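Let me begin by presenting the structure, written as structure tokens, before commenting on it.
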Amino acid sequence: MKADSAIVGGRVATTDGVFPATVVITGGQVSALLDPELRPDAEDIVDARGKIVIPGGIDPHVHFNEPGRSDWEGFEAGTRSAAAGGITTVIEMPLNANPPTTDESSFALKWRTVRDKAVIDYALWGGVVTDNVDALEGLERSGAVGYKAFMIDTQTEFTRAEDGVLWEAMQRIAAWGSLLGVHAENNELAARLQHRLQQAGRRDMRAWCEARPPVVELEAIQRVLFLARAAGCRLHIVHLSLPEGADMIAEARRVGARVTVETCPQYLLLDEEQFVRLGPTAKCAPPLRSHSAVEGLWQRVLRGSIDCLSSDHSPCPPEEKLRGADNVWVAWGGITGVQTLLPLIVSEGIHRRGLSLERFVALTSTHAARIFGLYPQKGSLLPGSDADVVILDLDREWTVTESSLLYRHRWSPYLGWKIRGWVDRVMVRGRTVAEDGEVVGAPGYGKLVLRSPRP
Amino acid sequence: MKADSAIVGGRVATTDGVFPATVVITGGQVSALLDPELRPDAEDIVDARGKIVIPGGIDPHVHFNEPGRSDWEGFEAGTRSAAAGGITTVIEMPLNANPPTTDESSFALKWRTVRDKAVIDYALWGGVVTDNVDALEGLERSGAVGYKAFMIDTQTEFTRAEDGVLWEAMQRIAAWGSLLGVHAENNELAARLQHRLQQAGRRDMRAWCEARPPVVELEAIQRVLFLARAAGCRLHIVHLSLPEGADMIAEARRVGARVTVETCPQYLLLDEEQFVRLGPTAKCAPPLRSHSAVEGLWQRVLRGSIDCLSSDHSPCPPEEKLRGADNVWVAWGGITGVQTLLPLIVSEGIHRRGLSLERFVALTSTHAARIFGLYPQKGSLLPGSDADVVILDLDREWTVTESSLLYRHRWSPYLGWKIRGWVDRVMVRGRTVAEDGEVVGAPGYGKLVLRSPRP
Amino acid sequence: MKADSAIVGGRVATTDGVFPATVVITGGQVSALLDPELRPDAEDIVDARGKIVIPGGIDPHVHFNEPGRSDWEGFEAGTRSAAAGGITTVIEMPLNANPPTTDESSFALKWRTVRDKAVIDYALWGGVVTDNVDALEGLERSGAVGYKAFMIDTQTEFTRAEDGVLWEAMQRIAAWGSLLGVHAENNELAARLQHRLQQAGRRDMRAWCEARPPVVELEAIQRVLFLARAAGCRLHIVHLSLPEGADMIAEARRVGARVTVETCPQYLLLDEEQFVRLGPTAKCAPPLRSHSAVEGLWQRVLRGSIDCLSSDHSPCPPEEKLRGADNVWVAWGGITGVQTLLPLIVSEGIHRRGLSLERFVALTSTHAARIFGLYPQKGSLLPGSDADVVILDLDREWTVTESSLLYRHRWSPYLGWKIRGWVDRVMVRGRTVAEDGEVVGAPGYGKLVLRSPRP
Amino acid sequence: MKADSAIVGGRVATTDGVFPATVVITGGQVSALLDPELRPDAEDIVDARGKIVIPGGIDPHVHFNEPGRSDWEGFEAGTRSAAAGGITTVIEMPLNANPPTTDESSFALKWRTVRDKAVIDYALWGGVVTDNVDALEGLERSGAVGYKAFMIDTQTEFTRAEDGVLWEAMQRIAAWGSLLGVHAENNELAARLQHRLQQAGRRDMRAWCEARPPVVELEAIQRVLFLARAAGCRLHIVHLSLPEGADMIAEARRVGARVTVETCPQYLLLDEEQFVRLGPTAKCAPPLRSHSAVEGLWQRVLRGSIDCLSSDHSPCPPEEKLRGADNVWVAWGGITGVQTLLPLIVSEGIHRRGLSLERFVALTSTHAARIFGLYPQKGSLLPGSDADVVILDLDREWTVTESSLLYRHRWSPYLGWKIRGWVDRVMVRGRTVAEDGEVVGAPGYGKLVLRSPRP
């Protein structure tokens, strides 16, 4: 039987090692891993000489703003940007859209809205808000891969899950074997601090950081770790910004909590001083931290205390940022990043910090697939897995410019950055969707991925 | 110079040991500790043969309901009950009165209201509520020995201190070297659980326990330990009901938190099953716990993990309890106990559990004096200390009856209990205020005690 | 290019999952992993329908008694037994032979002695004894994959490495990136206890256990963890017998020690009562433990606290056991087990305790390959790895009998045990060496494997 | 009844506070503590105006070399030095004498030898050596207050207690409620390191430190903590030199070990650099440590992690030191210090480091009395306690000179040190034994003190 295609000449990197091999693809799946000496019998031969072949990136935390925010990113621009950056599956968040994905019908509506737009595969988070605990079951039936909750109020249409709601939601989610993803910041602390700063007339960038100092994030992490452990619920801490948080999570794991954690490039590459220089473009929550926190967080990444990386891609029309130039409080809080996630970590992690390729694959693909129940369909290059493949040119250098970005609104805190590491080709289920920076995949090709039943 | 009085023939018990000695009193203070062979030259000789002489009990947690609740306990009945039970100093709480003691003027009003009523000495807590952080300085100037806050809403006139308020209050209190006393229960968890139980039509006693399970108290303890340690503020956890909480506090202390903890006889002597039998009389918050929690808490008392004991004396007119007979939610939550605190612990702690006399004195007097800055004026029998002295007949047995109680409303969960251990005589600043169960002290003799300046 | 062989129809189990795949072998290595739908072009087709295909077992702890103990096991019988049991690589110990492998020349002598005898691959431990610290470098040059030391005296020709020797050896071994394997029992404690028991005339089996109670092993583990962490040396604790030891190791790892640990079937399947019944056959060191220790150790295996399994195969002529029937002190201390290691764990671990196939592969193959620097040559089925493959029939039942054992001396504590799980076929570098219980490999086929250079 | 004497005008310092009081003494005991306003009726009035009155110092670790080393210190010179320095009770060690105190008859011999020589009270340690476990009961009957063991070989007549001996001794000592005092250094590590240094021709002071680096002491502490906790035996770590050791002890205590610890002025005031300058005079074991270890140890003293202070007074004829000037290995290892212990800690602890008077009394008197079962006879100023009293002039300055020392051989590492803090008067059982630097007590006045029966 003739295979559809074969990627030859490259070195395959998985969590288990880096070895020369040919990846053979048939019917959208990996059908063989071959010794490079073996000649594959395939329609198409993809040349990966001098390059690294990895499982496609999985970004477990993006906001694409559909349905309902028609001027914002949208699934088409979002997934095209992702594809260009080496991401083959995104897990999209239930908020920053209208309505938020908090029950069965809003899940269905989102799917109807986006199904013809995605160029890569996608899974969907459900949301936990003030009053929808009884609606979670409908989300579970619909195929949500996890449930996202905010411990802090950020927007009126996606309310904070107070502790009692978290507790109830945890009981349900634990029974299904799913997981709760938590934005951990203490609502009451941050609200009080912000109020005091506003009373004092503060509107500068640094005020944002002062309203959400480390204690705001760390207290919330500690609290939700305690509750999740008591409830026996799997927990995923999103966008961790502080090394102390990683240590608290490691300690909770040691005493029996089932918890995983992600961080984002912004917390590894930018700090509070850069926020002051960049202005609202770099406003996010939790806020950017000190230089020493950045260094500490890298240490946790390198020693294996962080499970996966996400972009927390949170785009907006530029005016949502611009209006905050003189008043940080009114600026949109969120940073774009789905396209730059992988290249930035190649450049700053692998080249500059000595991150191994094995761990890079774990952080950007395999671990997320395992955490969200997509493994081994996603996150693997073993035979039978979806042929989601990225070919990396580790050493090619390029510069981030507006024209290189495919976001609907082409802003980024990384404009002008020189990056060593280029996404050469991206395949989703065996088909090339991006090649040398150009997206060639068609909207609607991307499919909804569901969580595997519990083993 | 002739002394005023001398207590002869007894064995003096302090935190340092138990030894035969004569306590000589002059001018309201201990003027000498004498070898029993030395003949004291004193006006009055008090015979303590066969008895134990200890520093007067300090109950750091009572509610006497003045000003403003004229049908409730009141300082006169409250301090008379305390005197009869061997308490020579109470530290009175800022709530369950109207107005609560949350600023300089309410502190002054309370003092004017009670100054002519107390038969024993008293110190006053200030309160931290939603909006009085800026008023705390007035309380500090007035002489509050500490600041009490609720993490859970219980009454409209003394609002919960949300985390942001706690955080601000901690900064101030730390700067003064004072301490924050916290009722630790998670508001959002308990509110949600209560709501669900009420939705289900539950009104029975056990529903109260189910609305406030261990996780409600433990999460709050963990949270406030975290915040207090981050703020560098001294913390005192009131009425701990769970052994796991003692362990969390011990661990926090080990890593540098400055925290102390009290528990109450109700958590050492009663359990949830007794609550079901006794009904609203035994409703309190945190609620009574399981038998194994009671055993675990005794272990922590015996091994020294608990700093002091309080009664959390929280009386009410009987109708406030009676109306909850069929609906636990509307019953008053609080248990009387200032009169029975010492005898119960003698009986159940010293006789039944092997608690040493040295630790008994630490738990009921010396530690509270140190924690609240009253030492060595209170809590000590060394020369120069106030002659607050209790003479205990360790072996005399008696039964708790309505007629033996001096509370304004003579209810108690301990009615009918046989107790081994009797308060024979109680002296405040050298004057006998209670003798053989009769109060002989005059209202107005008791004085306000202030926190010592920091060393 | 036609492949040499292909294993078709089975489910491949690796540490990453279990999936249907064809394993293609060319030139002694895995050349491809194929989707089962793809038809491999191979000389030989091996049918694995209904079976599990795993990386060959690696037993990191065996004693084959060569050179110098000509009546004992020998490499030929030893590796044939191993092959029959699904082991494709053994790591052989430097003692129970004459001379022990403690310098360059003894290493060379051992290799010359055994090179024509092994039917499977093998690596060699070097030994650390009283006086050979300066000779370790010769062993490193020769290709030792690790260094074994005893903290307790067991035999005159392989002396205990006292703490000062361990400390010096650790400095050297750390510099080479190699690892120290330690038999952890406290020499002085055990010697004293044994002396007292002998003074009291004790010779029964239980006396052996009383001479080496848990404190003897746990103190030594704690000590060597402390020293290894201080020296920055990789450490491997061999034949752990106690769950508390696993917890100490986990804690040491958490605070930065680089330590791994193995246990053996005897500590998971036999206990002290069985030792009393079986007599000297089941004498080993550390001794068999209590029933609750066995249960606790299984928990640590199941939750991932144990890195790998070994047999500690330590055979002897039967008279070495028999003479101890009435005097445990003179019996040989050691248990045979290389042939039964895998089947016993399939039966008792996978079937009875719910051990997953992924973790089974980790425990019996991949982890040992990584720990001893043999990965990915060994312990993997990825293209490029040695085609060391075992085909398991998970459900076939059989009984351990003398005739089923291939040891030179056919004794075992498991005679008569019914086992569910059968080793169907064993391939070393692509060649079948055992099939359905018959060894078909030729002596001398097995090769010495060296530790990979540090990355 | 007229008292024998009264100390008036001073401030009394105990572990409970510092307060103005008169100490009245009758029949050798404290008969009263009086308010300073009360006029005592006493034969003798001792004026302590402007001074501090404390319980007499207890030095739990001295070597006075009797019987058998007639040219060394001796009890008379030793106790006279102690008295001059404010020590009213010493606990004398069983070694550095001939025979060592390791059984009933050597205990009796020591007592006969010294009973007419001591000017202050004394208790005696028994010793645990290789072969005397069965002889310990005779020591217990004789009145040993504790048992000293070496984990490291130092001298042929007092052999190291190997782990098996320690283990057996712990069982016995635990049954009696007594305690084991341990010199914790790892014998095998130190021996190996020393051997290597000697091979390399090293004889300088620093070689001594290199032969006994921190790992040597810390490993031994960890080991004996483990064994003592397993045996349920009270443990006392003598002459701790490292802050990390204090932390290990604190952690062991937290998990249930019953362990106390002492350090000595040499580890708080001298460091390795001073050893290099001073030469053999400052040779001791464990050796002097780094400057940062000194600072760390002070932190543990100040925060309460150290229970008591001792001098480890270990004198010798000067030639024993001198012959090591060019060869550190042959110098006597030990430092004099019983006379300077209290003044040095007043000067360097109270004045320079802010040590409180309460903690000073705990460290130099009360804690040792409690640990060794001498409380409340010793270590207290409560009525009924022995009137062992020291009057300190906190601010008087003086310089350590040969003529100020009363040791038989007048060497000290502190010669030339300026000290702020003077021992004004020393009373033992109500009688003045030293006054203003002059010893006025008579040899033979000092009595043997026994351990109190267990409560």
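A, B, C and D label the chains in the order they appear, each numbered from 1.
Keep this in mind: a contact is a pair of C-beta atoms (placed from the backbone, for glycine too) under 8 Å apart; a residue touches a chain by one contact, two chains touch by 3 or more.
Everything numeric here is computed off the predicted structure, so don't read it as measured data.
Enquirer: Hey, what chains does chain A share as contacts with chain D?
Expert: B, C
Enquirer: Where the centre means the average of the CA atoms, what chain is farthest from chain C?
Expert: Most remote chain from chain C, centroid-wise, comes out as B.
Enquirer: Contact counts by the stated rule: is the higher one at B-D or C-D?
Expert: It is B-D, judged by the count of C-beta pairs in contact.
Enquirer: Measuring from the mean C-alpha position of chain B to the mean C-alpha position of chain C, what distance in angstrom results?
Expert: Averaging C-alpha atoms per chain gives centres 63 Å apart.
Enquirer: Averaged over CA atoms, how far is the centre of chain B from the centre of chain D? Could you give it in whole Å?
Expert: Those two chain centres are 42 Å apart.
Enquirer: Can you check how far apart chain C and chain D are, centre to centre, with Cα atoms defining each centre and the answer in Å?
Expert: 52
Enquirer: Using the touch definition from the top, which residues of chain C touch two or more other chains?
Expert: Answer for chain C, listing residues that touch two or more other chains: there are none.
Enquirer: Linking chains that touch, what shape results: line, ring, star, complete or other?
Expert: Drawn as a graph, the chains make one closed cycle, so a ring.
Enquirer: By the touch definition up top, name every chain pair that qualifies.
Expert: Chain-chain contacts present: A-B, A-C, B-D, C-D.
Enquirer: In the complex, go through chain D and note every residue touching chain B.
Expert: 1, 3, 14-17, 19-21, 24, 26, 29-39, 250, 254, 375-376, 380, 382-384
Enquirer: Quick one: which bits of chain A touch chain B in the complex? Just the residue numbers, please.
Expert: So the residues of chain A touching chain B come out as 162-165, 167-168, 186-193, 195-196, 215, 218-219, 222-223, 226-227, 230.
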